[in-house]
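Below you'll find the structure, written out as structure tokens, and then a few comments.
Going in written order, the chains are labelled A, B, C, D, E and F, and every chain counts its residues from 1.
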Amino acid sequence: MSYFNQQQAASNQTFMQLEHEMEAMTDVFNKIISSCHTKCIPTKYSESDLNKAESVCVDRCFSKYMIVQQQIGSKLQELSQNVQEMNAEAAARASQ
Amino acid sequence: MSYFNQQQAASNQTFMQLEHEMEAMTDVFNKIISSCHTKCIPTKYSESDLNKAESVCVDRCFSKYMIVQQQIGSKLQELSQNVQEMNAEAAARASQ
Amino acid sequence: MSYFNQQQAASNQTFMQLEHEMEAMTDVFNKIISSCHTKCIPTKYSESDLNKAESVCVDRCFSKYMIVQQQIGSKLQELSQNVQEMNAEAAARASQ
Amino acid sequence: MEEKQVKDSLRLYHNLVERCFLDCANDFTTKTLTAKEEACVNKCCDKFLKYSARIGQRFAEQNTAMVDIQQQLISENASQ
Amino acid sequence: MEEKQVKDSLRLYHNLVERCFLDCANDFTTKTLTAKEEACVNKCCDKFLKYSARIGQRFAEQNTAMVDIQQQLISENASQ
Amino acid sequence: MEEKQVKDSLRLYHNLVERCFLDCANDFTTKTLTAKEEACVNKCCDKFLKYSARIGQRFAEQNTAMVDIQQQLISENASQ
């Protein structure tokens, strides 16, 4: 593969990753929209505005959602590292 | 771009639009199916037929869904026109 | 179409079918995950483990989901055969 | 286009299974469906097919005018 | 990318319609919206747009740092 | 195929976050998780992983026969 082709492939990959990340971001955004609506917006609709109490709840809800995402993300990463290490050990033992 | 290519591009665009519209239509159809089921069909399932009361409810439910879609569509179009006018004014002021 | 091209087309078709089936399988898997969670896992989360009662419920839930899928699948297939036979009869009558 | 039809049919099927399972399967002391659950699934399925056919009919009536215009636009485009 | 924007806008629109329909339409003795239902839909729609703009703002603040890094990576890649 | 795996993993992750958030976060007088909420999220996550592994196992058992037949069809096709 020529230098040019390598660059091309690398930037295609970056583009693909970006696209996937943007799709995942849209997905997360929609999940937050629906979750925090359930938590903070009463379905009576007595007024058009987002009142003070609702606004505060929305900000806290967003913040908590991010923290849960972070917490579970770390947990999954840890788990996946443990699995990889176990696989590596098993492979090392098998090749002896 | 040749005349032929222009025609080709135009009909491709029409096709793409049609595809998007058909996807959106399927999406709307599925949302109506699930919404009006919630509103009109009791989950006891005492009979296989759609009885008179359920049928009437389904027709009214469909009609109301279309009206809500229309009402919100008009609202969003109005909003988007206001934003476009504001942008146009800002651009005009900036170019003076 | 050459013999090679036919083989190529046939294996592309098999690949496409496989892809569709895998997508459908992922979809079914996610529906079971969400349905049996609703049926078997209380949202109190008093412990990290899946206890005995929950595990038994999960196995039965999975089994029942498969049976419902089978039952409805047979029903739909029967219906679609009836429609095809009616169409075939109508076509035969029309061509006389 | 045909591919889309297969996908839509599969989606209808799997949504129907999920709905009737959620509405009808409520006894997890057994591994197979009880007679009551099985009867419920049959009625749920029959009623849903009639229900969605009715919505489909209303939807088609609603869209007829719109689709007519689009078909015309396409055939004009094709005949140029 | 523009195609994605059209798709996302349509999705927002259809989700908004579904939400306000479910929350506001509750009287199926009539074929058209009652005055009460219509008022509810208007408030539901206005409030939802303000609500989702607020979430969008928080989301953008959150993502700014991350996107900055990505943009830098891409421009370095492009300039080589 | 690998792309599909990444997509499926991301989907699992985001569904898990949404579920545990909805089931565990209930106190919006604070901006960070309370100790009780954090413990709930941990248990929710652990239990869900065990739960989905169990369903996955049942699902795999169910599909083994079907996939065997498909694999055979493909290898016959490839060897011609």
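By our rule, a contact is a pair of C-beta atoms (placed from the backbone, for glycine too) under 8 Å apart; a residue touches a chain by one contact, two chains touch by 3 or more.
Here the structure is a predicted model, which is why all the values come from computation and not from measurement.
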Fewest touching-chain hops separating subunit B from subunit F: 3
Chain whose average C-alpha position is farthest from subunit A's own: D
Maximum centroid distance from subunit F, chain identifier (CA atoms): B
Inter-centroid spacing, subunit D versus subunit B (mean Cα positions, whole Å): 18
Inter-centroid spacing, subunit D versus subunit A (mean Cα positions, whole Å): 32
Separation of mean Cα positions, subunit E and subunit D [Å, integer]: 27
Where subunit E touches two or more other chains, by residue: 11, 24, 42
Interface hub residues of subunit C, defined as touching at least two other chains: 59, 63
Chains in cyclic order, anchored at subunit A, direction fixed by subunit F: A, F, C, D, B, E
In the complex with subunit D, residue positions of subunit B that touch it: 7, 10-11, 14, 18, 21-22, 25-26, 29-30, 32-33, 36-37, 41, 43, 45-50, 54-55, 58-59, 62-63, 66
Residues of subunit C touching subunit D in the complex: 20, 24, 27-28, 31, 35, 38-40, 56-57, 59-61, 63-65, 67-69, 71-73, 75-76, 79
Subunit A-facing residues of subunit F, complex: 3, 6-7, 10-11, 13-14, 16-18, 20-22, 24-26, 28-33, 37-38, 41-42, 45, 49
Contacting residues of subunit F [partner subunit C, same complex]: 4, 8, 11, 15, 19, 23-24, 40, 42-44, 46-48, 50-52, 54-56, 58-59, 62-63, 70, 73-74, 77-78, 80
